[in-house]
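The two complexes that follow have subunit A in common; it is paired with subunit B in the first and with subunit C in the second.
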Partner chain A sequence: MKKGKFSILEHELVPKHEILEEREAAALLDKYKLQKEQLPKIKKSDPVIKEIKAEVGDVVRITRRSRTAGKSLSYRLVIE
Partner chain B sequence: MRAKRIKGIKFGLLSSKEIRKMSASRIITPDTYGEDGFPIERGLVNQHIGVIDPGLRCKTCGGRMGECPGHFGHIDLEAPVIHVGYAKLIHRILTATCRKCSRVVLGEEDRKRFLEEIKRQKERQADVGEVVKQVFREAAKSSVCMYCSEPQNLIKYDKPTTYIEIDEGGKERRLMPTDVRERLERIPDEDVFLFGMDPENARPEWMVLTVLPVPPVTARPSITLESGQRSEDDLTHKLVDIIRINQRFMENRDAGAPQLIIEDLWELLQYHVNTYFDNEIPGVPPARHRSGRPLKTISQRLKGKEGRFRGSLSGKRVNFSARTVISPDPDIEIDEVGVPEEVAKELTITVNVTERNLDVMRETLKRGKKHPGVNYVRRVDGRKIKVTESNYEALAEELDIGWRVERHIQDGDIVLFNRQPSLHRLSIMAHYVRVMPGRTFRLNPAVCPPYNADYDGDEMNLHVLQTEEARAEAKILMEVQRNIISPRFGRPIIGGIHDYITGVFLLTRGEKRFEKEKVLDILYKIDIEDLGEYGGTFESPVRSEVSGMGFEEVRLSRYWTGKQIFSMILPKQLNLQFRGKMCARCIERGEGCKKENCSREAYIVIKEGNLLCGVIDERAIGSFKGIIIDKIFRQYREEVAKVFINNVSRLAINYIKQTGFSFGISDEDLPREGKELIREEAVHEAEKKVDELIRAYEGGELETLPGRTLEETLELLIMQELAHARDDSGIIAERYLSIENPGVLMAKSGARGSMLNLTQMAACVGQQSVRGERIKRGYQGRTLPHFKPDDRSADAHGFVRSSFKDGLSPTEYFFHAIGGREALVDTAVRTSQSGYFQRRLINALQDLEVKYDGTVRETKGIVVQFKYGDDSVDPSKGEYGKVVDIDEVIREAIGVESRS
Partner chain C sequence: MELKIVAGEKEEVTEELKKVGLEEGIAEHIKEDFLPAELTVTFEDLLEIPLEEAYAEDIILMLGREEKGEVKLGDIELKVNKSELSDKIKDELKKKLKVVRRKLTREKLDDIVRKVVDKYEKAKVEPREAVGIVAAQSIGEPGTQMTMRTFHYAGVGALYITLGLPRIIEIVDARKKLSTPTMKIKLLEEYAVERNKAEELAMEIEETRIRAIGKIEVSAADMSVWLSLNEKRLEERYIKREEVEEKIRGIGMDVLVEVMEDRELRIQRKKQSYHELLRLEEKVSNTLVKGIEGIRRVLVRREPSEGYVLYTEGSELKKVLRIEGVDSTRTTTNNIAEIAEILGIEAARNAIIEEMMSTLEEQGLDVDARHITLIADAMTMDGEVKQIGRHGIAGEKASVLSRAAFEVTVDNLLEAAIYGEKDELRGVTENVIVGQPIKLGTGAVELVMGSKYENQTTKRQGAKIGGTGDGKGKKRVN
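Then we have the complex of A and B:
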């Protein structure tokens, strides 16, 4: 990282993004009976995706703070 | 005709070949009917392309009128014409392709890149529009073709359908449709993909017409006027024009007419084809009927609110529905709707006659067309018979199992009731019919809030459900009482308004005592088993009957208090404590709540269904708040809540009717000393301070606020000061207006209006503003000629010191009109904008569905939310955003009073 810049992952408004392992992703798709294409998408060019170095086809788990539930999980498929 | 199933829909252009293939007849004459009254062969209404005359048979499919769906014909155009709908696209394609070899003028590399990008987007089912835009932008840049080295010329597009090529020398040459078509024809298939088109379904040259499809006559039926004269459809008129010009063009060309004449006719043909497609092209005079009315051609049939899409497909008119003005009736239940007998006799429900209802239906039929009667019967053989004055008795005799009877709607039938704009699901709810005299729909005022209805002329729609499934579904999902809690904010949206609140407020305030007769007068419309414990006894003088001498005797009689009367409609086990609207925010002000001893009666305690203390106001029974309604709904469910609201309606209205309640102009009066006080202490004081501020500003002593200029600071401070003036006058006025003032009573109880409204009426209207600032527009340096230029004082910039009661001075009146106009414009703009936004939002979200696994998905199963609302809670079912209110459950279990 260049000097003087900070990682956007540390910004309080950026929710936590994690790349799922193959096994976890498969479990997720099985749990919701989903095709990979039915997941919400996120572009590879998304600043957070670039930062965590996710590849096309990866599934990321996003953990957000939620007004209604305290914490909420969602998953996105990385696309071109 | 055999029914067919739609397997798919293909969008594309029709090629000349395809138009000819689907044509049942080549149309060559502009005439319609011959002298014998029969359609002319090869004419615009010929029998190969559909029949609209009874008795005739279609020469293509053999069907009669009504059976034959109609068939397309075609006109062979003598010269090609541009299709107006694609004129712009044609121009872009001409600009992007080489004038000689018709390849897209892009380098091999760019070409490949774009083709791949388009392919990828299509695989993703995404929009190719952006890429195509880039293709056109890039291709228009090159001045020389990279394939045949031909220099490229600029092509000017002259609306609506003319293209002019300008060479390097600046010489202009018109591209005739034939030239255009030739160029488009030469474009290789591989290049067509670059325009986002599929050459299989849409070759560019198909945008230049050589053959014109003629819609079947069934799509443009002629009507017969009373005089027996035929009047053709606008489309037919237009097609007649096209055929005439087409013929003249051919004759002139064959006769070797000069080029100029040919071109004029060609232009005319183009005009007619253009207006045939769209008669509202900007810059083109619309084609008119003989009467001067513009013709309604294809585009006009489809476009706009009354067009085929919005008018006929998305917004169909329906049977079994009624519409009329609504008016209030607090004596009907909240889940009822009063239906005029006239309407009830027109709307029907179809009943299958079985052995179990045969006798009842026969009785109904025996009444003929008198109210709960029958309009039509359908016999077992399927024949439908209209019930008339002369045949109903015979039909009643004949009635048998297996018949179907279209009986009038009657009391207890379930119907849907709706008020537009239907912005949320509560805009359509299920009500039970109650047939009444009169000509309006009757609605309990407690149900106005979800519909956002009032009775100043609002109309509502009613739909009669026709199947058992629909009726069951409406009952389970749409009944009014099941929608008392709003899905939007999880609190009751149905509840007391206006006089309901005033009535209950008056009844429960203080300790009003009523003797038995009075109590019964108030309660006679309510189903109560006994009056319960009385509140005490008071002495009342009674003329002695025995002596007859007229001397008076004192007797003890029982009384009930207003609070006890209200308690009679509460469920027996209800326990509840809360602060009402009367509370002066004691806790926030650090004074602590005095609870039962609150002098304002703002603390409400209900124990075992008895109102022990506190006055019932908007917060207790009002719509949007309604703590008691909320509690009853959650504890006893919808039926008890419905009964409670019904009873509140009757109790409140009955009581207020008997005590009387009115608000008049004299209720806005203040005593002289009060007015003096307002003038001196509030208004003068503020105006003095404003003058000081102005002096400080002019003397350069005013300190600027951070982030503001000196002027802005001054304005801000003046605004603050003048806002104070109004608030202070309100406070002073309040001292002279007690709660006994009906206006104050309504404001404080939450029935109607606010203290601000009263302040403006009785004390001071206050500062008028435009866009949050004092009024400053008008003449140079001043708002009106009544003031000196650069006068910054309060009254020169829209401060209204008068009250509405006293009346406004001419300048004040004018400033008030300025402020009022802004408010009016704002609401008009806001409603139209939010309406459009709502339409788009609903369009985008309408197919989302919460699945059984708790996810929210769209039609393709793509997940939108993994857990509905993050917490899977329906706000109308949960307790204030949680699935259960655990504290409440514990409190209930250990027997402590609920929520305080």
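Then we have the complex of A and C:
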């Protein structure tokens, strides 16, 4: 009855996470006049981060499904 | 079918295509030698790009620049997509505009989109508005209506789930141990359709200990434990006798298992003492023969839109997701800590929103999702689920006075004194305490008179104002 692997990335509660390229991250911080550390955080040990293989210091773009806007973008900084 | 589009310069065409997000796919068809005369695209090519047929034709017409002034579906799509609106509003606007398309002109279309954007911008929360307090009040007020029904339970069949205010508190406190952990297990195709398949799966998940499937007796006469298995129960739970024997042999303690003629099991230990015998009985009766430890009960229910769904008492998300037949993309638990651990912080954020909204809705309370979203955001900000309270968000505030005003006043003040903390008086609470205007809304901005304006006023009023002596040509006005 056991099946081997399932992917948490396909779970309906898990939104899409993508690692931003250096250039995109810089543009984001510039747009909102932020320091990296002011972004919300996500831990390196987070199951999704492990899955997408992001490193500490990366900025991750999260495409959330929003009840009011339909779709909304959010960003998190990967920390230890 | 092959459509020919009369096109302009290559750059011009590709630019147009890019605007409507079509450059991929079609761009390949634009070959140097083709241009500038014409561009050939097969209709199939256009259909491959996910677009409605009508829309595709419209784009072609638009590119062909025929009938100037008339509004095409492509125009609407292009204009609305380029505007700074949220997806949901864009979709609605497009739908409405498409209905009245024939009556529109391009100018009118521009005008409508501009006005919608205007309204949208005005509907946004102003910078520096105290959204947190509004959220707190918006949940707090309906919360008072819930207290009356504290410890109200709603049954899913015979299953009890904490609801109402106790549940809201549980979520907001980010408790790891829930009073009633439960899972909603959705099933894959055939399991969701056939009752016996769903039931078999339910038995696969529900924990079954030996005491539930047979009678255990301790016999002091021959210093052994006798187990007679109940055939009916074994059958119900799809357990084979051999499996049970195997499990008993696997409990350690040097057990000897014999199958007697009347199919009873005789279990003995090498080390014989009355005390050991009682321990053996306990161990045997507690042995798990089937299921997932921690899932005490599983109920099979048929839901109109889903087919068969399993509800559990107890929660073990990780193990359940691995079981064949379980839909590992839609199965959830009400334990947010577990979701954070297995599916990550963003899933936990979603779970907080879902759980709070459904708890409130179940009580007939209508709270705007954005208030709940704000709470979920605050709780998951640092990458882990934190409670709203003195051990979480409120406890990490920078201001001493604010923390002291919240809970455990003396401890906070004492600690602040020991470490020589300073209070910058930036938040609301601390400014209320010292009697200053709070730095929120209009209180958050200071006006600085521009030097140009000041020069004008000083000219008109002579040296009366200008002589205050700050010498920088600027004057601060509060």
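To be clear about the criterion, the second predicted complex is superposed on the first by the 77 of 80 C-alpha atoms of A that agree within 3 Å, B and C clash if a C-alpha of one lies under 4 Å from a C-alpha of the other, contacts with A are read in each partner's own complex, and residues count from 1 in each chain.
Keep in mind that, in the parts below, a contact is a pair of C-beta atoms (placed from the backbone, for glycine too) under 8 Å apart; a residue touches a chain by one contact, two chains touch by 3 or more.
Predicted model, so just to flag it, every value in this text is computed and none were measured.
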item: Touching partner for A:His17 - first (subunit B), second (subunit C), both, neither; value: second
item: First, second, both or neither for A:Ile8, with subunit B first and subunit C second; value: second
item: Partner chain in contact with A:Leu34 - subunit B first, subunit C second, else both or neither; value: first
item: Partner chain(s) touched by A:Ala25 [first = subunit B, second = subunit C, both, neither]; value: neither
item: Per-residue contact with subunit A, leading partner among subunit C and subunit B; value: C
item: Touching partner for A:Lys43 - first (subunit B), second (subunit C), both, neither; value: second
item: Contacts of A:Ser72 with subunit B and subunit C, given as first, second, both or neither; value: both
item: Set of subunit A residues, in rising order, touched by both subunit B and subunit C; value: 40, 66-69, 72
item: Of subunit A, residues touching subunit C in the complex; value: 1-4, 6-8, 10-15, 17, 40-43, 46-49, 62, 64, 66-72, 76, 79
item: Subunit C to subunit A touching residues, read off their complex; value: 86-91, 201, 204, 321-325, 328-330, 332, 339, 341-347, 350-351, 353-354, 369-370, 373, 377, 380-384
item: In the complex, subunit B residues that touch subunit A; value: 120, 853, 855, 857, 860-867, 869-871, 873, 881
item: In the complex with subunit B, residue positions of subunit A that touch it; value: 32-35, 37-40, 66-69, 72-75, 80
